[in-house]
Amino acid sequence: MAEEVRGSIEVDDRGSVLVARINGGPLGLFGNDVAEALDELVERADHDPKVQAVVFTGTHPNRFVSHAEVRWLQEGGAAVPPVGTRGASALAHTARGVNKAGGFKAALGKSPLWPAVQLERVHQMFLKMNRSGVVFVAALNGSALGLGAEFSWANDLRVMADGDYVIGQPEVLLGIMPGGGGTQRLTRLVGTHRSLVAILEGKPFTSQEALSIGAVDDVVPQDQVLERAISLAEHFGTRPKESRAAIKRSVYFGGSMELSDGLHLERAEFLTTALSKLGQELMLDYMANTEVAGELPLYVPGVYDAVLSTGTTRGAGVPNKTGSEG
Amino acid sequence: MAEEVRGSIEVDDRGSVLVARINGGPLGLFGNDVAEALDELVERADHDPKVQAVVFTGTHPNRFVSHAEVRWLQEGGAAVPPVGTRGASALAHTARGVNKAGGFKAALGKSPLWPAVQLERVHQMFLKMNRSGVVFVAALNGSALGLGAEFSWANDLRVMADGDYVIGQPEVLLGIMPGGGGTQRLTRLVGTHRSLVAILEGKPFTSQEALSIGAVDDVVPQDQVLERAISLAEHFGTRPKESRAAIKRSVYFGGSMELSDGLHLERAEFLTTALSKLGQELMLDYMANTEVAGELPLYVPGVYDAVLSTGTTRGAGVPNKTGSEG
Amino acid sequence: MAEEVRGSIEVDDRGSVLVARINGGPLGLFGNDVAEALDELVERADHDPKVQAVVFTGTHPNRFVSHAEVRWLQEGGAAVPPVGTRGASALAHTARGVNKAGGFKAALGKSPLWPAVQLERVHQMFLKMNRSGVVFVAALNGSALGLGAEFSWANDLRVMADGDYVIGQPEVLLGIMPGGGGTQRLTRLVGTHRSLVAILEGKPFTSQEALSIGAVDDVVPQDQVLERAISLAEHFGTRPKESRAAIKRSVYFGGSMELSDGLHLERAEFLTTALSKLGQELMLDYMANTEVAGELPLYVPGVYDAVLSTGTTRGAGVPNKTGSEG
């Protein structure tokens, strides 16, 4: 049975960075097992203060994630009578309630609600990635279609293998549409029109196309993808985790709100960081260093570059102070 | 009387694609007659399952649509005392109610509400285009200003004639502003800042500028515009209409919502397509073909390209099965 | 004391354009004095019908605004116990109420609410800039970090000095995050992903990078920045102020709403301008000129260019009529 998958995730703990290898079986599929393992990992990384970043890659030699396990999508659907959008919206709402109440392994069995509940759970996991201070980096060792692409869009950064690989949303060609956030996150990533055309046509982007429109952040030879992704994870991982969380929430959620609402969200997030222990400490340190240097540390020649490398302004601009100029 | 227009639309029925020629009189204007004819055509195309796409072009030798019939905008206004934005918002609300209740030819005559009602009706028609599974393609045989540009932005794809033609929003130069969606759809098409600057200045884009910023999808010699637009209409028209409708709604509407709300809309639209007869049929077919090929059809060399050409995965990846590799 | 600032703004009144020089002391900081002076100036420019545009520049030889006065952010925070995002949101709400009730100099002294109130005030001032018919142009004579960058994003146009200058959001490096609108306005200016990455990293854009992604509108040699900014201010300043205000509100606010809500806002703003005295006058004039010319004025060769230069269509397309072809 080509579609039978026992998906799993192998985690390589490197301290501040976790490298997670997604094993979707010989066909590289994203099914319920992968979803459950991912959810557990995201939860752990979010709560563990030692974990700054997670790099995802695929165990398949030429694919990151092929696409969703189609049986997963189809089987549940077969048990449910066709419904209009209004019915589907109600189903989605109910699924959200069930999910909140019971968690993943609620005893729903193969009830008609099951597929909607599982879909809701995947959405909640991707949203958790967006709200978290963890930096998520997709190391696209190969192609990613459908849910594989949607999982990539839910990451914060994407590095993709150069060559004959593609990333995108083919769902329209199967008479369905993206259901794991593709119409929303790709739209916010590359703009309304590019997203619309790509999803309507079902045509994926090559690595180079994805790079040119900003759908991925870097394209490197396949054997350097993981290394490059880890290096980005480490770099962004030096910034304070709580600041990153507040910034991610402000940009991902506030950035999609009406301007005044987004500004209100930003103000709340800002006040939290400004009143935090670390924020207070670093601001006092910056002020003290300004006194000593007689200049704002970020404007002392060479200091900003050094700070970008260490990740905070601690000791910046004052020669011989810990953590400053490299 | 240069401004007296008897606008009409000539429809050439080519089966799955309708070619609609907009005749706005010798000056190529978009007035109430054109609005009524357009509304009828959009309604028909949306409901007729045979119609997959509509291509719009202009009968004027060098213009798609010159701009709105200015008398149309001005006359109603003259009957109404100047109002502040709050009053105008109330007027717009009332107009929406009147429009829902009575349809186009409600016996309002030239009441002070008339212009607001007609404006509301044009907005509802453009929104209907955005919600519909029909692919709308603007074949810009020449320039399009004001309401002509706004009508273009309401289409899904735009092909424009190369040469000395322009598309954009000159309204500020007449002491007014775009009122047919220009500030909203151009903003979502080319980004907030580019849209702001263009509309504040009143300066239109040349064909090449429009292409370079993504405001149009292709620029070809004038005598190839229609042919190119029809070819795009046919290509996108091979995708399942219900999937296209769900995708368009998710991207146009969900894509402009706060992220979590947009995701909820997507989930509802996705469930509808996943539970549909065609979705179920194509997913079962894809699974069966995976069994036969021992590989996911979209990853069998050459198959994805063939599927992009036929429009669905039916029979894909299995030699000698109907509809697969071309 | 390097951080002690007596900030001020020197205004050079050139009739329709005000040139405002921001003096943030020897270190070029944006503190409470600058905020109060700015608020007063924005209010005045918004209400004075003679003022069409304001150009801001910095008195520091190589900086527009260095960044916020850090003590301003830190001191208030020190008086308040750390709060979670929910508490901070409540604080932000309360601050809004206080601000509405009392204005800037309410007798709050150094109460724990003070920093939230001042932050709220800065936000309201930037929002006032976005709602106003005044064209605000940032003449970036040098670098702008943090609140300096955020103030720049709140302008309508930005001209930046070529050379070794930077603009951006370093806050994450101090354990805080942008709090003056950076996560919202930069996101809407350059797109979600570019904004996210820049703010997460804390890395600013060079002049040339800012230009290439549209974060600034022009880059010229430092000694031509002010001249270029004034020239843009004069050009956009020829358009009718009420039209500009309506357009700015529609694009900045409507453009960030769900599509149908944005369209509703546009309709209300449009009806206000269409029913205004100036709108009616210019539309009647345009119709009369169409009669005389036997052609739509904007389509008479050479006329559109002339209109773009004068700022309205008054007399356009009719030889020897006031205000037409230059």
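By letter and in written order, the chains are A, B and C; residue numbering begins at 1 in each of them.
Just so it is clear, contacts are C-beta pairs under 8 Å (C-beta built on N, C-alpha and C of every residue); 3 or more make two chains touch, one makes a residue touch a chain.
Model, not experiment: these values are computed from the prediction.
Trainee: Counting residue numbers used by both copies over all numbers at the interface, does the chain B-chain C contact come out same (over half shared) or different (under half)?
Mentor: Both copies, chain B as well as chain C, present different residues to each other, with under half of the numbers appearing on both sides.
Trainee: Working from the CA atoms, figure out how many degrees chain A turns to land on chain C, in steps of 5.
Mentor: Rotating chain A by 120 degrees superposes it on chain C.
Trainee: Quick one: chain B and chain C, Cα centre-to-centre, how many Å?
Mentor: Centre-to-centre distance between chain B and chain C: 32 Å.
Trainee: Considering chain A alone, which of its residues make contact with at least two other chains?
Mentor: 188, 191, 252, 256-257
Trainee: List the residues on chain A that touch chain B in their complex, please.
Mentor: So the residues of chain A in touch with chain B come to 1-3, 27, 63, 66-67, 70-71, 73-74, 77-78, 80-85, 87-89, 91-92, 115-116, 119-120, 123, 127, 130, 143, 145, 166, 170-179, 181-184, 187-188, 191-197, 199-204, 252-253, 256-257, 261.
Trainee: What residues of chain B sit close enough to touch chain A in their complex?
Mentor: 135, 156-157, 188-189, 191, 214, 217, 235-236, 239-240, 242-244, 246-248, 250-252, 254-260, 262-284, 286-287, 290-291, 294-296, 298-299, 304, 307-308, 311-313
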